[in-house]
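Presented below are the structures under discussion, each in the form of structure tokens.
One chain, chain A, appears in both complexes that follow, with chain B as partner in the first and chain C in the second.
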Partner chain A sequence: MSAHLIATPSAATYGEEAKPRKGFFTDTSVCIGCKACEVACKEWNHVPPDPQGFSGSSLDNSGELGANRWRHVAFIEQKVSVGIEEAAPESFVEEAARQNLVEEGLDPHSDEDGFRWLMSSDVCKHCTEAGCLDACPTGALFRTEFGTVVVQPDICNGCGYCVVSCPFGVIDQRKGDGRVWKCTMCYDRLKDDMEPAGAQACPTDSIQYGDLEELRERAARRVERLHERGRGEARLYGDSEDDGVGGFGAFFLLLDEPETYRLPADPVVPTRRSPEVWAAALGAAAALIGGVAASFLGRRP
Partner chain B sequence: MGSNMAEAHPVGFQWVVEARERGAKVIHADPRFTRTSAIADLHVPIRAGSDIAFLGGIVNYILQNGREFREYVQAYTNARTIVSDDFRDTEDLDGIFSGLDREGRAYDRGSWQYKGMEVQPAGGGEFTVEKAEGEQAHGAHGGELSEGEPPYEDPTLEDPRCVFQLLKKHYARYTPEMVERICGVPREASLEVAESLCENSGRERTSAFVYSVGWTQHSVGVQYIRTAAIIQLLLGNIGRPGGGIMALRGHASIQGSTDIPTLFNILPGYLPMPQAEAESSLDAYVDSNASPTGFWGNTRAYLVSFLKAWWGEAARYENEFCFDYLPRIDPDHSHYRTVVDMEDNKLEGYFVMGENPAVGSANAKLQRLALAKLKWLVVRDLVEIETATFWMDAPEIETGELATEEIGTEVFLMPAASHTEKDGSFTNTQRLLQWHHKAVEPEDDCRSELWFMYHLGRRVREKLAGSERERDRPILDLTWEYPTVGPDEEPDAEAVLAEIGGFDAEDEPLHDYLPLRDDGSTACGCWIYAGCYADRVNQTARRVPGREQSWVAPEWAWAWPMNRRILYNRASADPEGRPWSERKRYVWWDAEAGRWTGEDIPDFVADMAPDYVPEEGATAQRGLRGDEPFIMQGDGRAWLFAPSGIVDGPLPAHYEPHESPFENPLYAQQANPVREEYRRPDNPYNPTFPEPGWDVYPYVMTTYRLTEHHTAGGMSRTLPFLAELQPEFFCEVSPELAAERGLEHRGWATIVSSRTAIEARVLVTGRIKPLAIGDRVVHQVGLPYHWGHRGITTGDSANDLFPFALDPNVHIQEVKAATCDIRPGRRPRGPALPEFVARVRREAEER
Partner chain C sequence: MSGDGDGRRGRRGKSGSEPSMVPRERPTSYYGRPIVKGPVWKPEIPFYFFFGGLAGASACLAAAATFAGRPRLARRAWAGAFVGVSVSPVLLISDLGRPARFLYMLRVVKVTSPMSLGAWLLAANGGATTLAAALNVLMPKRRGGFPEVGAALVGAPLTTYTAALITNSAIPAWSEARIEMPFVFGASAAASAAGAAMLTVPAEEAEPARALGIAAVVVEEAAWRVMLRRLGPLAKAYEDGAPGRDDKAARALGAAGAVAFALGSRRGPGSVRTHRAVSTAGGALLLAGAVFRRWAVFKAGIASAADPHQTADLQRERMAAEGRPGA
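Here is the complex of A and B:
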């Protein structure tokens, strides 16, 4: 079975209710870091407040995706250039570096004249091969008719198997609740033919929602266009069905390596490793059985 | 420039992103690298308070290299006009213009006039020098030429006294080297900006400026915008598609609250408020505010129609249409003057609606102290804001400067309905009126402003009913009959819109302002809004999608005036009425039809041919020529040189901010000589360079907004989803400044000025760069101003640090550039705080 077929709701499962697979294409090259998606997501889905205080990490004070944050905008400050070498005493810069006043990722000594501030709205990837879904023993996690992956809170028993099975660390248990929560791609809105809240709130269309096939084509054209305009750093992340999760339902256009955005470079769904794990386990079991048998044999009276 | 559009106007910024995707070059000049800079093609770090020097450098680049759009400049601006022999420029007087009365802090503008004639502003009449404490320039859109066309002109632009040559001379010293020395912008960067603008202007291309309060909130703020206007006129970027200067406003419908003003000195449609003595009669008012030529020639019709809207049947020819009912001003009742009067016990009561001055005003401490002097205070807001609770939890209670038991102010807090709970319109920066419909009923006692004002008026009228006193007539004679709906008796907002849009003699809604008459037959609440209710249809509620109409989208909402989308669009065609280029064609003369036509509604007399020349004695719009597009000006031309309407100079000159750690290298004159100061113990100023003690406050501080919060915070600090995104007040500093002052990233800093000291968490970031200014380095401290002591996220208010130091034209506070010191650690608490501030002040005094 091809990866693509896995996530495309089959007629056998949904019959006439099956829909084309839906997805998000997040084009970070036009993200302005307004966080409207974070707020709209919380408003629509009644995600509880999650105050974490002042982080000092650029303008990001919400940290990462979790049970109480289904959209998160990352801010990455890069390549600071002092540019006033003749005027600013070098000691200022050195002193700043010595005191660790410079944030991670900043290089105050860079000679490159320029500064880059990357912003990117992260979200559940709705993987083609979803580790969380595979691990769920209760059926709380399921593949919808739109090909998205959704938790049913009335079924989830809080076992947490899915949490360790997500290669992105997206799905998370809520404190004091125990159940797991994550982006549903606004399943309720999709059922009413509405755009997900985060995509609708996005003023610059950095978050685009639609049929995944069409989004992938659009994204390929977009990268091409950016390359033509000399922005060779643009690349897609999660658009390929050949990756370790069979492709993302929510994929991205990034302007740097995924690790820069704290995203895994080569995510692999844990169940891909299942055969190896089982093989190893079986081998061990066989050896054990053999040893036991031998010991019995050896004890033949 | 002067705008952080991506953060403060993210929804509008989508169009900038869109334009960039379609090949536009986006340049952001700003002290900080912001979310706007992140998406720009070029970010130019600039010292806060130096923009006129930067823009002046662009003017100089254009003029020295002959890059102006020559035909446009010759035909459509006052470049060729010869200026009075008495005029002396900053070039002649080392930084001041002729006519300065230093003691009175005002200019006599007599010498700034065109040679051979007097020019006065129209539709925004101004005070004489004797009344210079007041102003009127806000909305001053026209000039009165007492004798028709300017008598002395040089179409070749060679005469040394013509505007073009004066301009060239004035800006000659704004060299790339000087820009570098003042702004801290390397010459390569300023030249790149200048060249980019020139390359993208002319017949085939246009460029636009976007600014916000980063330009206005300076002691010379109006002149920032004037400088941009000069650039745009020289490059031919006004009245043409893709050109212009966009003034982004700080809240929804701030544009609307200027058009239908909440200001003390203008009436709806930029009609000046009558002056107390000089304009005692309707005739006197019209005499001093109308212009013989141009559309302000109809001032009498606009005013009389307005009076008819307010006083209806009571407004008759015999009583000058109740002109005498209008309040008179003498002269200054602007915000800061009012606060000072309050503190000096000259004010008993105060209404605060949709504003939180206890957090949002400069020297907010003085604002809070003054509130305690009131007898009564009405606050209408969505939540219980700091302005309503100063009496129990102002920071001055903790410091002992206020004591709750000694405050006699009776506070009335009135819960307000939000925009989703009421009908109404927003007017945005493009002059677009957009209607919003009520989605849900307001809860409990929450009511709309319209409800509040209507029923307040109704109750006052009931109390006055039967009164014989003449002073009560203006209230009793008001047209105050609005239909109400629902159990709460909410007035019908559309009825108010209809009144604003105006009616003809048959009581039919007006289509535009052209039929307005001065005989009392027409009524119109705001002449520029005439037609917004044409055909008894709420034109502002139209929402035809863009794909279903022309690219100008005239059926999306309604733009004043007359649903025009670009003002002065006659300038998009050449003097003969042909588009300057096919690519930029917009409005043109159709000779066959004998009319102007095009993509938009022409902003010109519809049938006035390009070769029309007025007959002797022709007035108003018929007094202008067919090739003069700037129809609100008495001479029909855009003013590179402003002979009137601006109180602090006919040409913008760079002045240092009121508080600055640098000298003005351009002139002996350090700061705007006519800026408004309030020198009093409760509004102390930091010493400014080179006064002794300036170096106690060696850094530049500037305020700004974050996407996550809204202005003074009442609408965002109280919401958990927004509060968690920016949970604490912080300051942004460079790694270099952090090292210099020992500030610890994520630690605390105390920022101190002569007014007070506040504390903030420290965000060290490479997004703020130290800049080389001459042989020194300037460090800038960035302060988001949203915080106050109430709500989910609380913190000190940045505006507490800033003084009352104002632009003389519009009385706006300088909070985008002042000086401060920054020290590691938290500020002293209780009475130790004012003691600390006084100690630092003494330190400065003793140097």
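Here is the complex of A and C:
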């Protein structure tokens, strides 16, 4: 990586009190869209309700991550070949069922008739280089001993700068309160050696919690197994420390491009641009002083 | 696919097991929802960008006038600086909700946060400008000293840090304008400082402010054009809809103000009184143009954040340009 400002403190600053970095591995290939994580997160963290109507966006009526939604389950409907024409019949019953479907008018070879669901539980990524943390002017956002990123509500002054500094659009201002809120990875539970609420509530282990290092190994094995099974579209997202945020604390196994899930393909923490930003700002300031001085030159009062 | 609805995406392959083999035209989106969040700031903030710029550039103009022995220009510019730096914290506090919240900004100094450094710049400029303005009012023959130098040195970055503040963000049309935006903001601030001084300054001391105002409009227009050209498709955020209208207003007001400044010069045709009236009008036009400039930029940030394709396309193009896998 090129030289850049890194003020994002790491859990290492805790010295002997530092804990192994904790994280989430969200394997979307087994998410069933039950939203138990959304509910558990709201209940445990006393996240206020927010008005919710019928969105028309498949089964997703809660929209996106925000001040009052620290977990969000995405639902994506895709027209793809169901692939049953390729499957070797394992039993007479299956073969009959397949024939029956075809006779009823389903064309397994057509794009139009195939269909699949993609479901994914989104959450704060707890970046290694966190834009929100770098932007916070008050010190309200801090790095915990677990390597997670947490807002202290009693110090947040509601300046809103972290909101535009997050490459994922996660952190948000709460209306009527003015302060910002986001996932804490259940900091209170972590301190008591408990699993975060969303991970504990997940019935399929789509959300896995643990030491980040171990989760990354587990994820690599999982994606390998899916590839072996012909699921070439499976890919890990946010597992590499070489990305623009130094790796995610909460990373994902996706079955399509990140944008399909409302995720950026190549997130970069704004702080990596700061040397350029400040060089331009100071250059322009110097130009202003020079311009003002020049407007007095050669003129006698 | 139904999840997008705008048909930007290529058809998937026949086989469900190998969709990644099918090239796609553009990245898709999740029901058109934004990837990054736009600013949650109240209207106070674009007005603060204006008043902070007025304060900082006025301090530079005032300090130069003090040192150059133009006391009447100096007093008016110090007044502009003082008004700007007094209104600024009021606007910020109004955005935050209550005064104590502004003080939270001053509990740490954080070099990674333009917001933090800006709060300190504003505080420092407030002190230096207040002292320099008071000294210039009390001692009309004063030829300048440390307070004037300090106010100018802190004032200049006060006009451009607000550009650093917004370009040091995840919003594509802001972030990708990071080289030009401080020059736009600095020039716009210089135009507003010249405009404020020209409202009331007598003709015999007005020439530096007149020259500064005209030069600022030219530099701002040039920086803006370079910025839009380099932004490429992201420039749409500045050109379409409400930001585009504010941009047109800013450019028209700036150009009209510069023309009025040129016509109001002592060398121009007409009586002294006409020159004065035209110059005053030019000052008002430049001030209005600077307000519209900040609003155009602010609204462009909202528009850019709201469009998931601005975020996605920029990243995909970067990945492709760097030849990275998955691009």
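Rule of thumb we're sticking to: the second predicted complex is superposed on the first by the 236 of 301 C-alpha atoms of A that agree within 3 Å, B and C clash if a C-alpha of one lies under 4 Å from a C-alpha of the other, contacts with A are read in each partner's own complex, and residues count from 1 in each chain.
Throughout what follows, contacts are C-beta pairs under 8 Å (C-beta built on N, C-alpha and C of every residue); 3 or more make two chains touch, one makes a residue touch a chain.
Since this is a predicted model, take the numbers as computed values, not measurements.
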If you stack the two complexes on chain A, which partner ends up touching A:Y14: first (chain B), second (chain C), both, or neither? neither
Where does A:T271 make contact in the superposed view: on chain B (first), on chain C (second), on both, or on neither? second
State whether A:A74 touches chain B only (first), chain C only (second), both chains, or neither. second
Looking at A:F142 after the superposition, I want to know if it touches chain B, chain C, both of them or none. Which is it: first, second, both, neither? neither
If we overlay the two complexes on their shared chain A, which of chain B and chain C does A:R262 touch? Say first, second, both or neither. second
Is A:S58 in contact with chain B, with chain C, with both, or with neither (first, second, both, neither)? both
See if chain A has more residues touched by chain B or by chain C, and give me that chain. C
Is A:D205 touching anything from chain B or chain C once the two structures are fitted on A? First, second, both or neither. first
Contact residues common to both interfaces of chain A (with chain B and with chain C): 55, 58, 77, 80-83, 86, 116
Chain A-facing residues of chain C, complex: 1-3, 11-21, 24, 27-31, 33-41, 56-57, 60-61, 64-65, 68-70, 95-97, 101-102, 104-105, 107-108, 110-116, 119, 152-153, 156-157, 159-161, 163-171, 174-175, 178-183, 185-187, 189-190, 204-205, 207-209, 211-212, 215-216, 219, 301, 305, 308, 311-312, 315-316, 318-319, 324, 326
Chain B-touching residues of chain A, taken from the complex the two chains share: 30, 32-36, 38-39, 42-43, 49-56, 58-59, 61-62, 77, 80-84, 86-88, 91-93, 95-97, 99-103, 106, 108, 115-119, 203-205
Residues of chain A touching chain C in their complex? 5, 7-8, 55, 57-58, 60, 63-64, 74, 76-83, 86, 109, 111, 114, 116, 131, 134-140, 155, 157-161, 163-169, 171-173, 178, 230-233, 235, 256-257, 259-267, 270-271, 273-274, 276-278, 280-289, 291-296, 299, 301
Spell out the residues on chain B that touch chain A in their complex, using ranges where they run on. 6-7, 10-11, 13-14, 17, 21, 33, 35-39, 43, 186, 706-708, 720-728, 730, 735-736, 738-740, 743-746, 761-767, 769-772, 775-777, 792
